[in-house]
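Below is the structure I would like to discuss, written out as structure tokens.
Chain nomenclature is as follows: A, B, C and D, assigned in order of appearance, with residue numbering initiated at 1 for each chain independently.
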Amino acid sequence: MGLKDYMNNIVEAVVTTAKGMRITARYGVDPKEEVTLQYPEERWEIPERYRGFLHNDIKKCTACTMCVKVCPVDCISLESVRGADKKMVLAFYDINIGRCMYCGLCVEACPVKSLKHTSGYEKASEVRGELILHFIEEDAAEIKARVARQVAEAAAKAAEAAKAAEAAKPAPLPSEAAKAAVVDPKPAKAEAAKGETKE
Amino acid sequence: MESLAISLVKAVPVLGAAPLWAVTLLLMVASAVVILVFALTFEGVGSLVLRKVAGDIQARIGPNRVGPNGILQFLADGVKLVLKEDIIPANADRFLFKLAPYFVFVGSFAAFVVVPFGVGLTAADLNIGIYYVMAVTSLVVVGILLAGWASNNKWALLGGMRAAAQIVSYEVPVGMALIPAVLIAGSLSLQDIVRSQGGGLGIFGWNLFHNPFTFFSFFLYFTAAQAETNQTPFDLPEAESELVSGYNVEYSGIRFGLFFLAEFGDMFIVAALATACFLGGWQIPFFNAAALPPVWGNLLSLGVFLTKAFLMVLVMMWVRWTLPRLRVDQLMRMAWKYLVPLTFVNLLGVSLWLLVFKGKGIPGMIASLFG
Amino acid sequence: MEAQAIFDTLKGKFGDAVVELKGEGCTPAFVVVVPASVKEIAMFLRDDPAFSFDSLMCLSGVDYKEKFAVAYHLHSMKHRHAIGVKAFLPRETPSIPTVDDVWPAANFQEREAFDLFGIVFEGSKDLRRILLPPDWEGHPLRKDYKYPDFYHGIKV
Amino acid sequence: MTIRPNALPTQEMTINMGPQHPSTHGVLRVILTTDGEVVTRAVPDIGYLHRGLEKIGERVTYAQFMPFTDRLDYLASMNCNCAWAWAVEKLAKIEVPERAEFLRVIVCELNRISSHLIAFGSYTADMGAFTPFLYGIREREKINDLFEMLCGARLTYNYARVGGVSGDAPPGFLEKTVEFLDYFAPKIEEYNELISYNKIFVHRLANVATVTAAEAVAYGLTGPSLRGSGVPFDLRKDEPYSVYPKFDFKVCVGTGERGTLGDCFDRYMVRINEMRESIRIIRQAVARIPDGPVLAKVPRVFKPPVGEVYFRSECPRGETGIYLVSDGTTNPFRLKIRTGSFVTMNIFEKVTRGLMIADIVAVIGSFDIILPEIDR
């Protein structure tokens, strides 16, 4: 290492340090450069497509179980029974947001657009159970019993009507009809899966 | 101290009843307390300023939650450090582990004794002032080495070894870079050095502008002193991203707090020495503070000294948040291949200058040219 | 160079060691070879100036239920062509010569295949488990892998 | 220097670096054997983040695996998303609308910038300069804002779909992208001035862990690590996929400007320069993006034909190759993801021999590894 290199090294070290310090000084004195968002007081604008907590509009939901099937981490669970008007009635609809990875596949899959991402992102809890969102407050067993009752009544009515119309034919027992109406979610899943692969 | 005691006894006749040694002792304790309080306050404020400066430079805000604008953050930090559990690793050498922080703390604080805060504000104006500072700050290296060894942690050990090598190496250029100021003043006492920078030349009376060699001396001292006190870019003993936290990795609570305080203490000592030796100390340009009544003169000069020292501390923080860290071999190369030869050349230059020009600096010569 | 030409050359050179070329539905097309001669073929593919497959893009184990396979995807920086090489191994004794001295890049990927499939690469410099802990039982990517309930008494 | 015969015996020290260590970029563990500060051997130990993504891939459908690719390289989720989509489309022979391909290129390049920013920032932080790291993060937040606007997430984007992308660019997105590029382009110069050419920084990186071109190819290095050794190989150019052939950009290679060719500094500079090229690509893509649909009609659950495909794309950390074996069912039969970082770790032991402890940090940073990609 010659003297020239030696001096060059010193000069270069000083010059590059000075350059860097000029930049940091500029940031240091310019208050406009502060970009911190004071979170609890200030909040950033939530964009329209923000994928926050899931929300299911129960009134719209048809219990088609598409969301359950498409969810990669199985965070949605639901059970439904077939109601008197042949439509599915939800017994419960839970989303475990502690497990949810906010991928949005279920929202895309929802045919009636009842499942949506909200802009909510704040929910901390000391209890894991609180991270399960229950979208139906009524007890699942009660709903099932009520629907079964309705189905039975409807079946009885239908049976009476049928009796009145065709007195010769015997009507099926109401209790049996109610039993048949309670749909196990698993076969429904398989059915829907078949339908899906067809398209 | 004794002379101060005599003058105190003269001024306050009530004290005349007590023996002189008692008054002196009282004064010693009082000044120790004052210095400790000052140092602790400085460290608190210093840590806050450090974080605020970091925030500003890094395009963020910095601490702003505790108290208005976050100015009480250092109290919160202090309370936290005191209240935290003091953990001693199971396999540590308990005695040395406990001893180490005190060495570091004492080494850093003892140096405050000779700092010339104002016209007459020095706890002890030792006639070997600079040597004294160099000597007691060397205690720090013992503490750090002990901490690294006693923790029984390999990272801490590496940090301790690095610190020992680094601090011992950089003592040489630090000492050499300070000698020009000693030569000009003709005294090792810091007060004498400050006094020698007064006169009617304003800021050009400072040693910084005395001659080109002292000008370089200042920067050499500043660089070497940063290394001696383990500041970035020479913070290898701590090296967050390599050694996790270096020698203090196993410390927690108030023991860690002592290391932390000592770090800021060192920072202030470096700034104070640079101010005293090169930036005119408490000297106010074109104004003789010593001629004022003692109270006002001391207060004014104290303010000036602290302003200068704080500005130096700010520059150190600014450097700290700009530069990356050297590698250990590069650090050693820098000490022995660059700083040591350069400081020697400088020292030679200053000596020759003083010999040739009979102790006059460039500003002095220019001033005499114009009458 | 086209896959067919590569296969023809290999067939001419190694005869029975090269079994067949599968191009349909496969990108890139792959040459099936017998496991025992994988190393010679690899050496040849790397060193022959007409091929100079100097980089091993990917080495993967595959569990075909009745047998295992090791798939090598090769690429040539010089000629910018690619080919797959595949060797089928019996399920009972899945072992194959290592290629980590042909392409050093193979080492980690062989270790991965050993870890997750239990395929033994003979002559490997360093064949240890890589992703799983050294005391893990079983090879998870096998199709018949049963998930353990406990690991060191911790519920999985 | 001669060794004194009666010298005290010395012994090597084994140090555990990681899995909890500030500069191993995650949960990498390196077992160091050191002689003082000099590392005689550094053996990487990986797998602390193994989540069995490949096994998960075998039990979910092709479309369902998309969110998992977010977790492959969380600093470049878009690139991984798109790599998966391209691989599956190649396997199932799905045509993708051109607008979707343009959008993919835009987000991939934006993500490349953001990933390189982290690489740059964390590297400087490893070297002891903390400030540039925060500057890098600040710019990255702006990219995240753009992505949030586009797909609603800031980290796990899950934007690409098999057959296109999940949503068209919302109004104002393209304009904001250009606005960001105008803001960001001068920042690169600022970084160079602030830290890249800083004497200390250069000294820390130059001539450290040199990888020759032949070694780089043999050890399967890809991406910036390969190009840092002077091999001008970029999949976007040399094995073109998507609409990359339509754009004019340069392949950045290391030049050995401050040391030897293939050292840490070259790898670092390749990343800095690549950000400039990404800006060029995005500008062209935004200018030329066609109108049209963004998602082909692909059933949610589909059965690709029996066969296999090895598709590789240029991710910020090297080539992400996806080896897919299909048995004609709805789920992949075998899925292997070959990631840049994983293969790169192979050369780690070789290049770190004889370096110092501080250099180990420099080497880890210069390869820009990321642990979820290594451990999968």
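One rule holds for everything that comes next: a contact is a pair of C-beta atoms (placed from the backbone, for glycine too) under 8 Å apart; a residue touches a chain by one contact, two chains touch by 3 or more.
Predicted model only: the values in this text are computed from it and were never measured.
S.K.: Kindly list the shared contact partners of chain C and chain D, in label order.
M.R.: none
S.K.: Please identify which chain has its centre, taken as the mean of its CA atoms, farthest from the centre of chain B.
M.R.: C
S.K.: Tally the contacting C-beta pairs at the A-D interface and at the A-B interface, and name the larger one.
M.R.: Counting C-beta pairs in contact for A-D and A-B gives the edge to A-D.
S.K.: Whole-Å distance, chain A centre to chain C centre, using C-alpha means?
M.R.: So the centroids are 41 Å from each other.
S.K.: With centres defined as the mean C-alpha position, give me the chain A-chain D separation in Å.
M.R.: 31
S.K.: What whole-Å value do you get for the distance between chain A and chain B if each is reduced to the mean of its CA atoms?
M.R.: For chain A versus chain B, the centre distance works out to 60 Å.
S.K.: Just how far, in Å, is the C-alpha centre of chain D from the one of chain B?
M.R.: Once rounded, the distance between the two centres reads 45 Å.
S.K.: Show the residues in chain B shared as contacts by 2 or more other chains, in ascending order.
M.R.: As it turns out, chain B has residues touching two or more other chains at 57-60, 321-323.
S.K.: Check each residue of chain D and list the ones that touch at least two other chains.
M.R.: Residue numbers touching two or more other chains: 131, 138, 194-195, 198, 200.
S.K.: Mind giving me all the chain pairs that touch?
M.R.: A-B, A-D, B-D, C-D
S.K.: Quick check: in the complex, which residue numbers of chain D touch chain B?
M.R.: The contact residues of chain D facing chain B are 13, 15, 21-23, 36-37, 124-131, 134-135, 138, 194-195, 198, 200-201, 203-204, 356-359, 361.
S.K.: Would you mind writing out the residues of chain A in touch with chain B in their complex?
M.R.: 9-10, 17, 20-21, 23-25, 27-29, 33-36, 38
S.K.: Can you tell me which positions in chain B touch chain A when the two form their complex?
M.R.: It comes out as residues 53, 55-61, 64, 318-319, 321-323, 338.
S.K.: Write out the stretch or stretches of chain C touching chain D in their complex.
M.R.: Listed in rising order, the residues of chain C that touch chain D are 24-28, 30, 54-58, 60, 62-63, 71, 73, 77, 80, 82, 84, 103-105, 107-109, 112, 116, 129-133, 140-141.
S.K.: Using the touch rule from the top, collect the residues of chain A that touch chain D in their complex.
M.R.: 9, 12-13, 16-17, 19-20, 23-24, 27, 35, 44, 47-51, 70, 72, 101-105, 108-109, 117, 193, 196-197, 199
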